[in-house]
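Next, two complexes with chain A in common: one pairs it with chain B, the other with chain C.
And then the complex of A and B:
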């Protein structure tokens, strides 16, 4: 049942991942530094071209979700609440199957939820879908946030910093997966809530809580590039088991969370999202109009000229 | 100020009338609910959800507010840049509307912000995030609001110069205050064009960026509105609604203040409107054709009907009215046409920010809570009251300046008695610019752009 090469990718804590900083090999980090220095130097040129240097790490991490393996035990929900200090009952309460009757979305107290997809006649087993922040490679929320409260870590996670946030909720409007939730009930200091890919745990060399908890082989944490290779391999080996689509490989410009399943993702309830980051177009427009402030300066100059010329006319 | 109210009772319309008292009631309810919002939070006072994080406070108070304040920079362009002096009587009312309007855009934003107390983060360089369209909008609106206050300062100078009477011991400061006003007035007179140009540039920047704001929502916004040219559409529609807003407000203010409407000037101004509307419509249609989605307008869906309403009632109908010389000459039609353009732009902003924004996840649809309506209505009421107060107490409406039609013929004679708050004679006034508006009838009529 389990995928043959899962063990090679599943990043159980190894010597490598116990490094103080992040789960990155040193050589790669050095390369990354080189890339980022180069990118910094090249930034003005790239910015002028309306494109931004990608500060993403080659070895950035992600999670592969194999929906054909998921049994809908909701242990990941419990582990998530536990790791994030959110209220949760004892584990056995999560065996309650009645929650599947209504479709649920992440909320301030549940950063990930598992839904049961509407049954398809051809399937013997029901299909379950765990949803959480997808941690896009080019996140719309990061592009939208005017105070930089949303940040993409080079190694994968999209991080929310409440100390910067002003609460405009433009990130929520921008998110193509509509996965962010808001603490509307808090009166003074509401926060945006989302999965952080357990960046505090992975920094300490631990697995994300949901991945660690998963009793089957549904969740695999590892380098995104390797997870993609694994997913492609699985699909190639079992074409009868999987549809030939890795959700998240290209969606919204690529995401850290990747899904493979036995049927098409729209029928499971994942939104159909195009291959470009929503931020790509808006940033191109914005930087196109305001490149070097040329357009505003030209408009100001024209207005000054017209003001002067028409004044002459009237005299 | 206290004696001024008593004085206004003699010479000008009263501030409090049955109508304005009703408006005060709406404002009071709005203010009370606003306090509740800050005390209890967004959850208790709005129906916002994770799928619909923006409601009418953004769609109406902010998006419509910014668009409808476009009268300020468009009229400033006409009078200060093109020197069409005959439109001068409309300049200060338009400027005042923009100033109050933008003030309440800012207040509306603060009301909607979950962490409003952190708003000061926005201008901090260490927080800057120049990829964000909202960053550009926020910075421009902040700057423009200050530019508007500066543009309005000459009115304040004019109001108080030669009439500074501070109470009690503060009277010793009368002379320095006068000096300050004199310096301010003289300086502003010289540099006002710079601020006017800055104001127009900032307006163009954020009016368009307000459209770019919704580009990032992608497929969530219906294809009849979602286009890379959204900034252009927002800019053109802001241009198109500027003069109709001036007409709308001038007719209403004349009526409320019992002044004769500025029919001739408004009629001339109305001739410009169809030109802008035409360009806007052309851009809209060309964009829809190039994306092959014009057909969606006629598919009988709710979105299709919203689009058709927006374009026929908001663009085509006023286009027909304003191109008709006979209709344009009548105040009733001018008002109707202006109201249609305004309604069209309001519907457009509502469509983009609310009505045709479909969340990815089908959940409960957002419908605003009564508290949300109360705050929005309250802010509009306060805008109206502020406008009325400032018009009655500052030299904004020229016709009200010279002599109110309500004033009895002896008003001129009674002037010395009411000295502190009586306008000085017209010859003593020091307007920013000569105002040849009284030459309207023999001015060059064919030269409007």
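And then the complex of A and C:
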């Protein structure tokens, strides 16, 4: 993995320096198989290199969602479809609030959706929850992907590369937020679909489409570190308005998308996720086993010894 | 429109929606920002006079209508009925509801003085002008009968714009759909006398109370229905504001109470002429305990000046000489001005009352 990536906005290093990171991979699946054979032989070296693969830029970007500001207008859904070339109707169709009657999940044609949380009876206004890929700092989907089709950009976005994808959908199983969707209805070359944090737009200095569209600026795009400071400051200044919890600060090892709200997040429909990345345990086992190739050598040695000691008996 | 109004309107016209696609995070040619501590988005100090538009804020009337037409992007302009909102704000917290950085009798602080037209990447805690205005409106219009759709305020993109002239009758009119009941009956928990009857119409019409007299800092939803809620308000006026010294039984009863009837309640029939006189004209200012029998001075205030009737001791049909000149009018005029009056024998009888007066017995 390359060095930490440069910025997508002007106050960060210029966009030229990020180009190597964003260069389209040229690896075909056939070439990948060849690589994988070599990689198996070089497993010890790869395992050591893997420890550096998750280096994240300290200026990585994210989005802070203030759920106390969201009015449930669903314009972010429209903007997302518009920016990603997905089918969508005119804006006024998004006034339809009957969609809130059932909980919705992101789909190949809607990379972000707004749900209305169940009323807790004390609130006089409904609370709305926009969901999309959380862009984890230590993404389980990246860890689960066999072929490196899921990659974490050091500056924030978790990026999906359809040209590498073999369609195993392990990433969908791995995602603790149940975000990833799959083009089941597309018979040829179906893809996993997810929010890409508008990495193409931000590379051009624009805001993510949903952030730009939000009329009440419930969404704020910026450095994750600054967003955390902003969120902590809001909570400190308005303790009656917010619960003292930033969802995404620690969840799943930290995420690029951060939420603050007036009540606990489990009641809003966000999954309760521990502070450890779901990938941490499996990666620890895998990397532990293959560290220095010691365990395979020991096992192979044992088996060889057993074989050697037992084959005499058959003479 | 005078100059201050024009300036205020200009402020509203300045409200804008940043066109999408414009670089909100600055131009790419800018040098990278140096490493710095994450900004703690602070509570901004309110801009002071030298930064503000010199418009006397709340002592001067605001515009009737403001056209917010700078945006014209996904949606068309907004025609904002400032006068109507001004009237509603009398109840819900004054002009500072929206003009939150302006204090009474200070110049209006323009929105754009704190909220930049474009979001500033260096200070993510500051809401842009577009976001601030939307929040200001949607704080109330959030879930008002599900009418929080954009088209509730915005014209369709490209649609012909409404001008103030199209709002001539509408602007500032009392909303006709708000029609409180004549009376409300409450079942209180009070033991023995649980029923309280509140005659709303009488309080408004007979007692001349304005909405804000009672509904100060009241909930919007009291008029606009459930869902139109502002959680921040605490109602400041209740019955006890006026009725602190009123007897319990004046309001509480076993059953619904009849409306206030001056003749039945006080024994003084207002008749045709006095019914049109305000309470204060006879009883003086104040409510509740201050309601007393009118002093003669208050009768004379009208009957001498307004009617041109010289109602002093000399012109009175009965010569009010001696101690009679000091009588209260109502000592003789009981029940109503035209009603039964005291006769001489009520005081001057053959009994010994008053002891010092020349009773009939002495004649």
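Operating definition for what follows: the second predicted complex is superposed on the first by the 256 of 315 C-alpha atoms of A that agree within 3 Å, B and C clash if a C-alpha of one lies under 4 Å from a C-alpha of the other, contacts with A are read in each partner's own complex, and residues count from 1 in each chain.
Keep in mind that, in the parts below, a contact is a pair of C-beta atoms (placed from the backbone, for glycine too) under 8 Å apart; a residue touches a chain by one contact, two chains touch by 3 or more.
Because the structure is a prediction, the values reported are computed rather than measured.
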| item | value |
| --- | --- |
| Fit or clash - chain C, chain B, common chain A | fit |
| Contacts of A:184 with chain B and chain C, given as first, second, both or neither | first |
| Chain B versus chain C as contact partner of A:81, first or second or both or neither | neither |
| Contacts of A:73 with chain B and chain C, given as first, second, both or neither | second |
| First, second, both or neither for A:125, with chain B first and chain C second | second |
| Chain touching more of chain A, residue-wise (chain B, chain C) | B |
| Chain B versus chain C as contact partner of A:271, first or second or both or neither | first |
| First, second, both or neither for A:307, with chain B first and chain C second | first |
| First (chain B), second (chain C), both or neither touched by A:217 | second |
| Superposition-derived minimum Cα distance between chain C and chain B (Å) | 27 |
| Intersection of chain A interface sets (partners chain B, chain C) | none |
| Chain A - residues contacting chain C, complex | 7, 9-15, 64, 69, 71-73, 75, 91-92, 95, 97, 124-126, 205-207, 212-217, 220-223, 225-230, 233-234, 237 |
| Chain A contact footprint on chain C (complex, rising order) | 20-21, 23-30, 32-33, 38-43, 74-75, 119, 121-122, 124-125, 127-128, 130-131, 134-135, 138, 142-143, 146, 148-151, 221, 226-227, 229, 231 |
| Sites on chain B touched by chain A in the complex | 38-44, 46, 48-51, 53-54, 77, 80-83, 85, 109, 112-119, 121-122, 127-129, 131-136, 138, 193, 197-198, 200-201, 204-205, 208-209, 212-213, 215-220, 228, 231, 359-361, 363 |
| Contacting residues of chain A [partner chain B, same complex] | 52, 103, 105-107, 140, 142-148, 164-170, 172-174, 176-178, 180-190, 271, 273-274, 278-279, 281-283, 285-287, 289-290, 296, 299-300, 303-304, 306-307, 310-311, 313-314 |
